[in-house]
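Heads up: the structure comes next, in structure tokens.
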Amino acid sequence: MDALYRDYILDHYKNPRNFGELDPHDREWLDHNPLCGDELGVHLVVDEDGTISDLRFHGQGCAISQASASIASEELIGRKIDEIGELSADWLIDLLGIEISPTRRKCALLSLKVMRGAATGDASWPE
Amino acid sequence: MDALYRDYILDHYKNPRNFGELDPHDREWLDHNPLCGDELGVHLVVDEDGTISDLRFHGQGCAISQASASIASEELIGRKIDEIGELSADWLIDLLGIEISPTRRKCALLSLKVMRGAATGDASWPE
Amino acid sequence: MIEAVDSYYRHSNANVHRGVYGLAQEATDLFEGARERIAAFAGGETDTTIFTRNATEAINLVAYAWGRSAVGPDDAVLITHMEHHSNIVPWQILCQERGARLRYLSVTEDGRLSLDELDAALSDGRVKLVAVAHVSNVLGTINPVAEIVARARAAGAATLVDGSQAVPQMPVDVGAIDADFYVWTGHKALGPTGIGVLHGRRALLESMPPFLGGGDMIASVGFESSTWNDLPWKFEAGTSPIAEAVGLGAAIDYLSAIGMDAVRAHERELTAYALDRLEEVEGVRAFGPVDPDGRGGVVSLELAGIHPHDLAEICDREHVCIRAGHHCAQPLMREMGVPATARASFHVYNTHDDVDRLIAALQTAREVFAL
Amino acid sequence: MIEAVDSYYRHSNANVHRGVYGLAQEATDLFEGARERIAAFAGGETDTTIFTRNATEAINLVAYAWGRSAVGPDDAVLITHMEHHSNIVPWQILCQERGARLRYLSVTEDGRLSLDELDAALSDGRVKLVAVAHVSNVLGTINPVAEIVARARAAGAATLVDGSQAVPQMPVDVGAIDADFYVWTGHKALGPTGIGVLHGRRALLESMPPFLGGGDMIASVGFESSTWNDLPWKFEAGTSPIAEAVGLGAAIDYLSAIGMDAVRAHERELTAYALDRLEEVEGVRAFGPVDPDGRGGVVSLELAGIHPHDLAEICDREHVCIRAGHHCAQPLMREMGVPATARASFHVYNTHDDVDRLIAALQTAREVFAL
């Protein structure tokens, strides 16, 4: 089996969870990976107590960036919005469960960058 | 004895003939060698029958360009102005009687260029 | 090429045009000798062949030194949807600065330009410049640039042809094409990075103000103002790309020895073979003209269900180098309705085997993605 | 350095920043790694360290992208009589275009600038930029640039320091000097031709429009307009000088290994020795500061009765390389009242023997000229 394109990665790529838009939504963020042009946008709906009650992502990109967004989306729904800023690059990469080469790192991290942007306004790349 | 800086070359360099300006004059020309910055100007007085009756050059430059101007000036006084356009690079180099390397060719030829310019208005380098 | 650069640094490393000593003369001879051969290789004249940093700088030189005075409010610059960013962005900046309009020629389904559309775009007389790629770096399309230049000139527009992809892969005669400006870049022509070429029409180059000011481009420098050096040096400020010119000279000698007709025939043949074999791979769509006579040696493709980025990664593992991305042609990507493409390029060193390995790699990608 | 360039072309030759395949990544790592080391070498930050074609282009970049909006009619640009043409002509062109005035600081008899004159020139508040060489390429003078920058800033003027001669021969900390722009050039620092460096203040670089448009400097390209990439790439259009950066990286590694303090000490020592020994030669006049602490490793001289051009030719025959000419500093030549000078440069590879050979060659020249 391929070490990068594992079955569940391809499954998330081909059948992305929480793909689409949300209207109305409370927060949104759009960004892209300048290296390859991948684009990712996200819409959040946040409860009064600060819980992310719904999340949809849209855009286009490679299997890694799309699967990463899909997998992360499942983890983030139900979390408090305040926690998102704390999530590290390692958290996401562990979650993906695949070996990410330096070349593909930004593909994997774009989803966290965008979700963190929506939550905190921080436009930097996760470290 | 040095093959380039021969006695008569140094003599013409140190004691240039026909150096200076002429006022009034009938023709003048000023040019420079872009490679080294040497500058040479010339003033001509021309008889009614087209003979160059007087010539002075001024400017500054290396031994080769100054000696060349000095030696050429002696040859040109008394010539018909119409002849000057015909004079070739080889004519001048033969006149100098030294071996001119490609690097120093423009030093040697600047004088002919300027004198030809004054006579004919042609600003190209002699060939 | 590598040997030529290396030998330059070891044996002739001295600044050109300066000083009378032997080393400097040798460097000047190498540099100006390379200019002569490079100019002749593309059918240009030596003293209207200007060295720049790359094709991009050559185009910007024209946009600044020619465009700032020649293009005014209400004027238009006409480019095409298949241009490289280098032949788009300088014109956007120029048009914004001068209040001019930027117009585009569209690209047909099969990746070509329409001369009728060109005539229509020229018809109101506002177009001051037509800037077009000789060969598209994405579609491979060989544009009829001599015809485009002639029609533009008839309509009073100047012309710039971006030959970055053309000069390396087919015989090019800039004299015959007769554009006002023709640019190309060294590293695409098997040469080094750090050098580009601008062939300009003499009358324009002479009347244009200089672009960059500094050493070498001056005749004399006064306190308030300066006078400019002759062509081509008027447009070459500062220390010249000496080693780069020597390296590019060696590269074109190599191409000349093969013969550009032979290079073109080889690329045509490989491209035709690749287009043929690509039909075997399910889900593949190749962009650009279908007729190999109308295209150069690049094939951009998409494979349904696999993002180009992933395709390139899998090909890389199979030791097949293809490039995935927008290829510095985002407007074209938008027109084609794709985020990116994967692109294979063929040159003299490629063989049928390389095409076979590409096809095999695409099949492998389909397997990895369980398609 | 030659080995590094060579190995880059043989093993990692692929365009940076583009494509995901391994070779491209390797080239990017080499290129951006070189940037990091080159920035650190001069005390700059990585992402405000921009690669240009040479120092000349770096200065023109500032003149176009910063100067066109920051300098207006009635404003002034202040430079000095000891500048290289590269630090004169771009400001002449800018001032002519913008209707601004170009002012000069004079050079004292012993080749130095006067801070009092600087203060006087700044006092009317019109000076928008002070552009000055860190080390003069003719006189060798080491200018007190940190002090000049501080006084200019206090008077509301921006600053550009031309470090082309400084970076190769002494420890330079652009952070401590704190100029708004600090430029230098690769080939003077034992590096290759085709690369220059601009260290800019982040806030200025961010607010400036780009200079050259094209590939790599964009974030995205739309039909009408585009958005710009982050620093430093915003100012690097087109294919980067990859091999050149790798080569310059190797050159500064070499210099770092020797240690810039040691380089400086060596050059100070050789220059002092040369100034001493030159006194032995009848008719020689050496230009520039007499105190070797105040000058770098170049000595410009004149020998009464022998034109510099002839002097260089005779030295060349004796295998001593000196440069004769205006050294791209015609205004300085005019101020010094000489048509040209002969100039000897010393660097790490020179020894006392080289100085001795220079002195012998000058004596030979006197004999040839029968002086």
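Every chain is named by a letter (A, B, C and D) in the order it is written, and numbering of its residues begins at 1.
As a working rule, contacts are C-beta pairs under 8 Å (C-beta built on N, C-alpha and C of every residue); 3 or more make two chains touch, one makes a residue touch a chain.
This one's a predicted model, so the numbers in the text were calculated from it and none came from an experiment.
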{"item": "Taking each chain's C-alpha mean as its centre, the one farthest from chain D", "value": "A"}
{"item": "Which of B-C and A-C has more C-beta pairs touching across its chains", "value": "A-C"}
{"item": "Inter-centroid spacing, chain B versus chain A (mean Cα positions, whole Å)", "value": "79"}
{"item": "Where chain C and chain D are represented by their mean Cα positions, the distance between them in whole Å", "value": "31"}
{"item": "CA centroid of chain B to CA centroid of chain C, Å", "value": "47"}
{"item": "Inter-centroid spacing, chain C versus chain A (mean Cα positions, whole Å)", "value": "38"}
{"item": "Touching two or more other chains - residues of chain A", "value": "36, 103-104"}
{"item": "Chain C residues counted as touching two or more neighbouring chains", "value": "20, 22, 220, 309, 313, 324-325, 330"}
{"item": "Contacting chain pairs - touch in the sense defined above", "value": "A-C, A-D, B-C, B-D, C-D"}
{"item": "Chain A residues touching chain D - in the complex, by the definition given at the top", "value": "32, 34-36, 102-104"}
{"item": "Chain C-touching residues of chain A, taken from the complex the two chains share", "value": "2, 4-5, 7, 10, 14, 36-39, 60-64, 66, 103-104, 107"}
{"item": "Touching residues (chain side chain D, partner chain A) in the complex", "value": "17, 20, 22, 25, 219-220, 229-230"}
{"item": "Of chain C, residues touching chain A in the complex", "value": "305-310, 313, 324-326, 330, 333, 339-340, 368-370"}
{"item": "Residue numbers on chain C that touch chain D, as the complex places them", "value": "1-2, 5-6, 9-10, 14-15, 18-24, 53-57, 59-60, 63-64, 84-86, 88-93, 96, 102, 104, 185, 187, 192-196, 209-218, 220-226, 237-244, 309, 312-313, 315-316, 321-325, 327-328, 330-331, 334"}
